[in-house]
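Next, two complexes with subunit A in common: one pairs it with subunit B, the other with subunit C.
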Partner chain A sequence: MTKLFTSGFSHLILFIGIFIMIVPVWMIFASSTHTSSVINMGGLQMFLGESFYDNYLRVLLYKGGFFKEITALKMFFNSFIMATGVAILSVVTSLMAAYALVYYRIKYASFLFWIIFITILVPLELRIFPTYSIMAELNLVNSYFGLIVPISASAIATLFFRQFYKTVPDELLESAKLDGANTWRFFIDFLIPLSKTMIVAMLIFMFVFGYNQYLWPLLVTTSEQYWTVVMGLKMMSGSIVHRFAFVIMSMVPPILIIVVLQKHFIKGVFQDK
Partner chain B sequence: MKKVQFKSSYSQYLFLAPQLGILLIFLYWPIIQTFRDAFTMQDAFGFGTQFVWFDNFLFIFDDPAYFIAFKFTIIYSFVITLITGSIGLLLAVQANNVMHGKSAYKTLLIWPYAIAPAVVGVMANYFFSERFGLLYHLFNNIWGFNWYESVFDSYIYVIIAGSWKQISANFIFFLAGLQAIQKSVIEASMIDCKNSFRRFWTITFPLLMPTTFFLIIINITYAFFDTFGIIDTTTIGAPSGETRTLVYKAYMDGFRGLDLGSAGAQSIMMMLIVLVITIFQFRYIEGKIHYN
Partner chain C sequence: MSFLDLKNVTKIYPNGTKAVHETSLSVDEGEFMVFVGPSGCGKSTLLRMVAGLEDITDGDINLDGKLINNVDPSERDVAMVFQNYALYPHMNVYNNLAYGLKNRGIDKKTIEQKVNDAAKLLQISEFLQRKPSMLSGGQRQRVAMGRAIVRNPKIFLFDEPLSNLDAKLRIQMRLEIKKLQQKVGVTSIFVTHDQVEAMTLADRLAVINDGIIEQLGTPIEIYNNPKSLFVAGFIGSPQMNFLDGNLKNKTLSAEGFEIRDINSDFEGDVTLGIRPEHLIQSDNALINLKVELVEQLGSDNLVYGQLKNKNDFCYRCPGNQKVENGTELNLQIDENKYYIFDKSSGKRVN
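After this line comes the complex of A and B, so read on.
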């Protein structure tokens, strides 16, 4: 009896939690399928309306912005390029750096490790203007390169990979050496397949991180051609239902990735089997 | 340290070069520049810069707005850590308890983690707008809520907006922490202690300490830095600067006020704060908890 009671209590708490998470998003979604006049008269809606296609198609294809130069579709394209770029660049560079730190007898290994590690303490927000002026000097404002590279100066993945490599048994390298594998072969044929789960988890993590950037794209893109979705939300004008529709669409890619790839993400980050 | 390693050769630098290159150009160079900004001042016409020692720092200490932002940042990170940590823990314990639907609950609770803070802010806007905001009107009916004028009410606004998605992150990590506790420990404790409430606080919670301290750091960094997008899309500091975090203020002073000296000095103050928290975490807390 008490068991039934406590598990009923657990379900109740979880339902309340899920309710708090889902209802706000649902209401914005339901409201985005109505016309503006419905919202203006009756506020946010609980039930679906009939303007789904009208509103969403218009937002995707309508040219907005101050100079009416960019569609939401193009912003999604930009965000996708930026997020993919950040994910690949930061994961590849981290894999390589962690490999050198663990598998080489480097003279200043601990110094190098600290040089990389300490950067975690200085997020982009703390060096935003100097970083911007460097981008301006290098003529990289309004480019995908400018959107991607400064964000990829991240050492979190390096720490994760370094930690993981340390748990790899020494025998692996010994036997690889017996097989005649050199440093590149060992890295590509042995270590990378072994760290697949963690690579996938880090790719997901960095993709969401890149997609969700707000301040940096705001600063480094003066041309509307390079606007991304998350920063574009603030810049887009339009009627209230179109704003609702844009908000909902902006959430879809990262949520989809986290939900669909949930297992890989959690497996890699927490290293459970 | 590995016993078997490659001998030092040119190839180690090839592996290190990409990351170190990016860090040097886009991290260390800007940091050096930040220090240069912080110790120099541009003259009124922008023709040249002058080395001014600690003047920029003295100015920010003289600025009441800096202390308002400082106070808000401390309160904000404390409250967000407390709220998201306790709700995340509560949900994780319940999800770990149930026999059926564990993975469904997990999926239904982790997705808000993926939403950008700026997007959460835009959404919160709709619930706190005077025109049709449900929460605005609900709170307004109860105690005359008005975040445009009341500091307390604007705190409530940004705290709700800032906590919502962060609950998910706390939930994921606490759940993973709970699942890592060995079954035998829990079973043994069930024999020794019948009261499940007491059992949780004396057995389970101490075992979760590493997760808890990790999350405290995660939540504080979130409240310091990631909430920029939330503040910028909700109150923008309303009523009059009381809901600006230190990062938000530094950005505004540098961007709107074009005062790079002050922005640089504020950034360095932030770096010091982060450094102190990190050292505290390593020295003080890590020594006191037990990892199993």
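After this line comes the complex of A and C, so read on.
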């Protein structure tokens, strides 16, 4: 009886939490399916309207910006490229950096690691001027490369992978060696499959990190062709329903990535246990 | 030159620990060599140097007529079974066995055949598709063996592979390892700190203490003829009894008795060693044992007690012999089966 009560009670709390988080999003979504005049006169709406297709299609294909060159569709494309690039590049570099730190006999490996770690204390905003000037000198302003590379070195991911590698027993490396595996094969055949779940988690994390970038893309792109979704949130002009529609759509890619990859994430966890 | 040849091999770890002192050793082709010694004596270190997992500080190792000091472990063609098996957790049993073959560029069909043969030999065929985490300890042990066998290496190295198993399984696997080695005929080195395991498995035994091989020989040689106090105490179960004494003019005087006409010219303080099984009850006895505890093993009785001088002492008698607590036994040493060691150096003197 008490068990039923506590479980009922905790579910109640969870439902309240979900309610508080979902309702504003729902209201924006519901409002985005009405016409502007409905919103202007009646405020935010709780129920779906009739203009879903009109509003969303217009937002996706409307050429916005100062020079009317960029559509929301292109922004999504840019954000996707940027977030994917950041996710993949940072995971790959962190994997390899951690591998070198743990498995190569580098003299000051732990000192080097702490140097890398300290960069967590130096966020992009702090180094934005030198980073920008490097990109400018390399002629990488207004390019995907310039958008992606400067934020793709992740000390946090390196930390996670390093800590994980340290828990891999030495005997595994040793018996792999005796089985004829060189360092590269050990990395590919052992560490990567063993850290699969962690790689997926880091990919999600870094994708969302890349997707949410605002200041850096703002700085490093002058051409509207490279605008990202998050920039667009600020820059988009248009009526209120169109902005609502854009906000709703901007939430879709990260949610999609989490939903898609989390399946693998959970599967990986269960298979390895 | 024999199949595996260690010449003055020394290992000093970077922190200054000297784990192995100028050790020389030869292992013949097909031989089953066992390294035995107490914890921390350097057995694993010696084995790992043969495998190439530790650098050699000094000396030479030759395998099959080739100097391998600087050969990478992946090129040495040795296989090792680790204490915790070190199976590849993300690969199924089949791939665990096949991995080493794949790295050698062997074609798929041959690999399949070799893996299946090895699996049959070790009776793990039905587990080939399972992950190691879904196997019992004994089955994992077999997979680890299979991974070594399937490659048909020049030499097998075992580092205490049985110590994670329960007592019964350990004895069973011990037998199987011995049978398997005889069937496959691969030169093997087996490290253990369990002297029963060492005695039963070995063709030849190296008793190691403090980084030095104290004695090398067949198990029976070492049992019958220990060259030092350490070896005498380490090999044999229950342990050999040790009594203090003095040797002069070929006469040994210990507390309460004397032994004459000893074939040694040594003079000075000595330790007399007598194995519990080399004693018989007799009327004209040397040793008087006050019984405190009797362990009945069925086939044997182990009788523990004290001598007059309060020295602990053990006597082993057949299981059908009745011994009561608190009684006194008169014991005679069986046909000169005693060992005399120089007390200061521990060297055998008779």
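Here is the rule we go by: the second predicted complex is superposed on the first by the 250 of 273 C-alpha atoms of A that agree within 3 Å, B and C clash if a C-alpha of one lies under 4 Å from a C-alpha of the other, contacts with A are read in each partner's own complex, and residues count from 1 in each chain.
One rule holds in what follows: a residue touches a chain if its C-beta (ideal position, glycine included) is under 8 Å from a C-beta of that chain, and two chains touch if they have at least 3 such contacts.
Because the structure is a prediction, the values reported are computed rather than measured.
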- Query: Should the pairing of subunit B and subunit C on subunit A count as a clash or a fit in the superposition?
  - Reply: fit
- Between subunit B (first) and subunit C (second), which, if any, makes contact with A:126: first, second, both or neither? first
- Does the superposition put A:24 against subunit B (first), subunit C (second), both, or neither? first
- Message: After the superposition on chain A, what is the angle at the C-alpha centre of subunit A formed with the C-alpha centres of subunit B and subunit C, rounded to the nearest 10 degrees?
- Response: 90
- Counting only touches as set out at the top, which of subunit B and subunit C does A:152 meet: first, second, both, neither? first
- Message: For the overlaid complexes, name the partner, subunit B or subunit C, with more touching residues on subunit A.
- Response: B
- Task: Have a look at where A:7 lands relative to subunit B and subunit C in the superposition and call it first, second, both or neither.
- Result: first
- Message: Which partner chains sit in contact with A:175 here, subunit B, subunit C, both or neither? Use first/second/both/neither.
- Response: second
- Give, as a whole number of angstrom, the minimum Cα separation of subunit B and subunit C in the superposed three-chain arrangement. 7
- So which positions on subunit A get touched by both subunit B and subunit C? 174, 177, 272
- Interface residues, subunit B side, partner subunit A - complex: 2-9, 11-16, 18-20, 22-23, 25-27, 29-31, 33-34, 37, 87, 90-91, 94-95, 97-99, 101, 105-119, 122-123, 126-127, 132, 134, 164, 167-168, 171-172, 176, 179-180, 196, 221, 225, 228-229, 232-233, 247, 251, 254-255, 260, 263-264, 267, 270-271, 274-275, 278
- Note on the structure: subunit C contacts subunit A in the complex at 51-53, 72-76, 78-80, 82, 84, 86, 88-90, 99-100, 103-104, 133, 147, 151
- Task: Provide the residue numbers of subunit A that touch subunit C in the complex, in ascending order.
- Result: 169, 171-172, 174-182, 185, 189-190, 193-194, 272-273
- Item | subunit B partner contacts - residues on subunit A that touch it in the complex | 6-7, 9-11, 13-14, 17-18, 20-22, 24-25, 27-28, 39, 43-44, 89, 92-94, 96-97, 99-107, 112, 115-116, 119, 121-123, 125-131, 133-134, 149-150, 152-153, 155, 158, 166, 170, 173-174, 177, 183-184, 187, 208, 211-215, 219, 230-231, 233-234, 243-244, 247, 250-251, 254-255, 257-259, 262, 266, 269-270, 272
